[in-house]
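Two complexes come next, and they have one chain in common, subunit A, joined by subunit B in the first and subunit C in the second.
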Partner chain A sequence: MSSAAPTGTGAGVSNNGGAATLLRVQDATMQFGGLTALTTFCLEVKAGDLQGLIGPNGAGKTTAFNVMTGVYRPTSGDIIVDGERVNGHLPHQVNRAGLARTFQNIRLFKDLSALDNIKVACLADDRPASSMFSRTRVNALRKQGNFVGARTLDAWGNYLDWWRALLTTSGFRADEERITERATRLLEVMGLQHRKDELARNLPYGEQRRLEISRALATSPKVLLLDEPAAGMNTREKSELMILIRKIRDDFKLGVLLIEHDMKLVMGICERITVLDHGETIASGTPAEVKNDKKVIEAYLGVESKELQA
Partner chain B sequence: MSEFVQHIINGLASGTIYALVALGYTMVYGVLKLINFAHGDVMMVGVYVGYATSRQLERDTSQSFFGVTLIFLVAMMTCAALGFFIERFAYRPLREKPKLTALITAIGVSFFLSYSFQVETVVGGLTLLPGAAPKAFPEIIKPTEWLVIGDRDIVIWNWQVISIGIAAVLMTGLQYLVFKTRFGMAMRAVSFDHRTAGLMGIPVDKVISFTFMLGSALAAGAGILYAIKDTLVQPLMGVTLGLKAFVAAVIGGIGHVPGAVVGALALGLVEEFVVGYGSSTWRDAVAFGFLILVLLVRPEGIFGRMTAEKV
Partner chain C sequence: MNGVLKGLLPFAVAIPLLWLAQFLTKDTPFLVILSLTVGVNITLAVSLNIVNGMTGQFSIGHAGFMAVGAYIAGVVSKMTSVYGISFLPEGVSDQVLYVVSLLAGASSAALFGFLVGLPSLRLKGDYLAIVTLGFGEIIRVFVQNTELFGKALGLSGVPQRTSLFSCFFVVVVVVVVARRIAASSHGRALLAIREDEVAAEAMGVNTTAYKVRAFVVASFFAGLAGGVFAHYQSIVAPSSFTYVKSMEIVVMVVAGGLGSTTGAIIAAVVLTLLPEALRSLFLNITGDGSIAQRVEQIRMPIYGLLLVIIMLVRPQGLFGTQEIWQVWPFRKRAKPASTTPGAP
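Let's look at the complex of A and B:
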């Protein structure tokens, strides 16, 4: 299991041996009525990691994402983001703890402009470091283990913000400008500055995918979860995207976990791969290890092929 | 001609009141896809709070600028709190349930408010609930002629100017809030897809309760403006007025903020012309006939966007 072996299993992981664990999933199980969609799922992502989560259709990959990001509450097990146990928290609280994601089927705010899509996400990180309710202060409380205090401070900050919005104080306008600036920079990172004022629904498919990634980045995540970021792209677009993902990881010093169907791609980019099948983790390790794993080959090609090989 | 202009002015004055109530319907529908049928009754509560506040003040004070402002503020803040509690305890537990459940609950909340207000409850000399008997709203704004053109051809009353003025200020503020601030952006994001909004770090629950508070406060303001004009206060007043405002929101395209205003002004004008040139008996019939007409021609409302259903 990945959580048990942080070092020595592959080049990518051993490089990060000293990095802090940002996301730890411990024995997460998700049941819907009688159906178990995810069984004792374990995962560990450190700063600077680039990991893959693969598996055939219906293997539970997206369920795993949903459990991690607070869409579902795991039936049992723990999700720990940067030391804070977040299972049972609301999605926005999980997001503020440091987990951001994109979606398999693009879920942008299609009626908002590209810039506004990012600005909306900047809301999670909109207060200057000096303010009473700044994220720095909230994070400091989190570090001390005072999670209730952190959430209360965060909530009061929201109420204060709305009053400032209603009264349009000068500080509020300054914040608004700062957010616009930050959002513009994030658009530039993804090479979308020319689309700034266009409605998200009018962007070409590939750019919508990139916009979703920059929206996720706007929440200042510690770990970025990408659900099939390259779906529907051609080979050239895919390789460009992968270079971009690597660059994001290095520039923002994040951990990245991605779901991807294209095996070649995952093998090429990820330093560590976890394979799911029918909700169970059937393999975990470096691309080379996973590629030759008997169970993985079975899951992808079926049992018959084994018989054929034999 | 002058008669026509007079009707336009009267129509706009009553239309702006509809608009303020309609905005509450449309905003709540925008974020929750719920028709909050209790909205008209929240407005009624606002009128009673205004009534009680003005009775506490000296007659001269209640007619002063300070007094009127105080009456509006107390009513609006009480209703904001009421809106918050209704959302928190009646609607939030049903958020993930089928929409119909919340809709029936809304009707229930509406009945609860309008009928409990008919039970006269006095505890230790303090009237908690007013009872069914209609009351006269105090004259907090003394009706005077603001502008007289010709030989009383066109008369504009001060309360008409005041209600158009207050409504214009509140609506401009709302427009600014929704389209220019990041709170408005969060509201629009929640309206578009509240699950994704949550995953992007937006506190969905807080955005929704804030929307309720805002809508309820606007309704209280509208209710007092209405009571100043109509002077009659009774517990069922919210039902008719709320229904009219709902019609206005649907005409404008429910969920669309400027649409609600345009729909309300249109409705106000239509009603005024029916009363002016026809008979007041036909007023409500024509108002709802207007709704039917709009729904036949443009089912999505004037500004609503048609969503094509994929087959």
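Let's look at the complex of A and C:
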């Protein structure tokens, strides 16, 4: 099933020629009863891409994210993450396939410390690579299309983990140390190491946003989806964040897709932009192309003398 | 291997201490009975805390799982006590059968936990509360009408095999298990589900699987508590497992602080001894036993009042989500709950 990924239709093809396609959305449509929130949405994100998804309020940007991450099952179309078809999968399965996200309204684990927030997300690779039940082996099985085998291996690994935790074996202690070390490193990447033991709810707003991004990074994603990462920040914080997002993309070698309202900001950092309006993709291309697109200008500024046309 | 030995350390410490306690209390039967009740309630509260406190799911039918454990363990024990194991001395054989029946009861409760939990925990929201409430009542009505379980009169003649040692050994096991779950990646996943289920799912936590596992573990220990209870009461009656009993356990967990194992222990001890304390208090005030005899009846209004006071004064419960060593001695700024490995 995974190898049967159809080729792109042309819309949303990245300019990052050589890199492998990590996320491909193929004609995804999402209907809620009579309302079509997303119509034949196409997108392609490659390693090293930094793409933007923009559109006026209610254009379907967050719906697109929810469809991609398994919150909604698309009415039709395909979501392919690194060669694996994930539409119809549950959010945690999509995450395991390599898609991590942040939320428009921050959703941290508020009563856990900043470090623990990240340690939760380290679940995705909490077994050493040498283990018989390592995530690499589980993922390899799944890639081959052997879903039952992958699930069985993972389940046995889980039961073993329970017993190792209950008996606090030296392997368990080593795992915990490894996770803590990794989580601390991720905090450092985001410049949050001084907040390690602080409860997430007590962090200032900007740091909560950054913590959420580092939590997403802890799941070792291939593509990072950021839902309005700069919302509520001032101009300086925004430009700092954008530099950080670029750095993450380069350091972790992943694809980034972000939703943002601030046009200036998106135009400044994204190499490719897709514009949605009323669930339809009205434009897609480089910032310069999008900026001068007639439909985009109409969507944002309204149609000139609509009455006359009607 | 060294790690496993270290992991068994709490038991190595607990066993001689429990033997000593048993030896010291052998001439005070009233104290022993009271301690057994306390022990069973601690087991129930700590296990329910895994579901209600750590995972944030609301189960209000814990007495139902206790009933399953009590009746199954009771029946197994009654049936096998006639035979005994021929090649073992009588005392040893009794103890072996006792352990076997406890495990049978606990495993049945865990099985029921799985059957009840799987469909209701797939959903988000308060479905679990409704289902567990119904389950508790169904079990009670079922045993009330089944010949094998002695109908409304209850199952009598269960051999009295619970000792202070075995009861508190179970307590040590449940506390160690609860603490170690909390300090592992599984515990973190459970806490994440409590904090924000949608976010936990998006971070790769298989929420249904973790919730069901937590629920099965909690049911197992409720069944174990039921078995221990059956083996010192010797009569297992349906009236012991009513909705009131379930609420009693919920009150303990809430009063101790949702998510705090030590809080659940302290609340269980206090709330179990409270009726006894009230009884002697009223006896002293009035002289005759007229009010003292009614303590059982006025217990629930007092619990209700207590809950209201807790909600007003300290809505997070005694220790909130923290353990006693995190809030005591009272530091200026309490350190947040950290899940360092190796905490007991």
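Everything below uses one rule, namely that the second predicted complex is superposed on the first by the 279 of 310 C-alpha atoms of A that agree within 3 Å, B and C clash if a C-alpha of one lies under 4 Å from a C-alpha of the other, contacts with A are read in each partner's own complex, and residues count from 1 in each chain.
The rule we apply is simple: a contact is a pair of C-beta atoms (placed from the backbone, for glycine too) under 8 Å apart; a residue touches a chain by one contact, two chains touch by 3 or more.
From a predicted model like this one, the values you see are computed outputs, not experimental measurements.
Look at subunit A after the overlay: subunit B and subunit C clash there. By the document's definition of touching, both partners, subunit B and subunit C, reach A:109. After overlaying the two complexes on the shared chain, residue contacts for A:121 are found with subunit B and with subunit C alike. Contacts of A:165 after superposition: both subunit B and subunit C are touched.
When the shared chain is aligned, subunit B and subunit C each come close enough to touch A:176. After overlaying the two complexes on the shared chain, residue contacts for A:148 are found with neither subunit B nor subunit C. In the superposition on chain A, A:35 makes contact with neither subunit B nor subunit C. In the superposed model, A:199 lies in contact with subunit C only, and not with subunit B. Residues 69, 71, 90-92, 95-96, 100-101, 103, 107, 109-112, 116, 119-124, 126, 158, 161-162, 165-166, 168, 172, 176, 179, 215-216, 218-219 of subunit A lie at the contact with subunit B in one complex and at the contact with subunit C in the other. By the touch criterion stated above, subunit A contacts subunit B in their complex at residues 69-71, 90-92, 95-96, 100-101, 103, 107, 109-112, 116, 119-126, 155, 158-159, 161-162, 165-166, 168, 172, 176, 179, 215-216, 218-219. Considering their complex, residues 69, 71, 90-92, 95-96, 100-101, 103, 107-113, 115-116, 119-124, 126, 158, 161-162, 165-173, 175-177, 179, 197-199, 215-216, 218-219 of subunit A touch subunit C.
Across the complex, subunit C meets subunit A through its residues 1-4, 6-8, 176-177, 180-181, 183-186, 188-189, 191-192, 195-196, 198-207, 209, 213, 321, 335-342.
The touching residues of subunit B, counted against subunit A in their complex, run 173, 176-177, 181-186, 188-189, 192-193, 195-206, 210.
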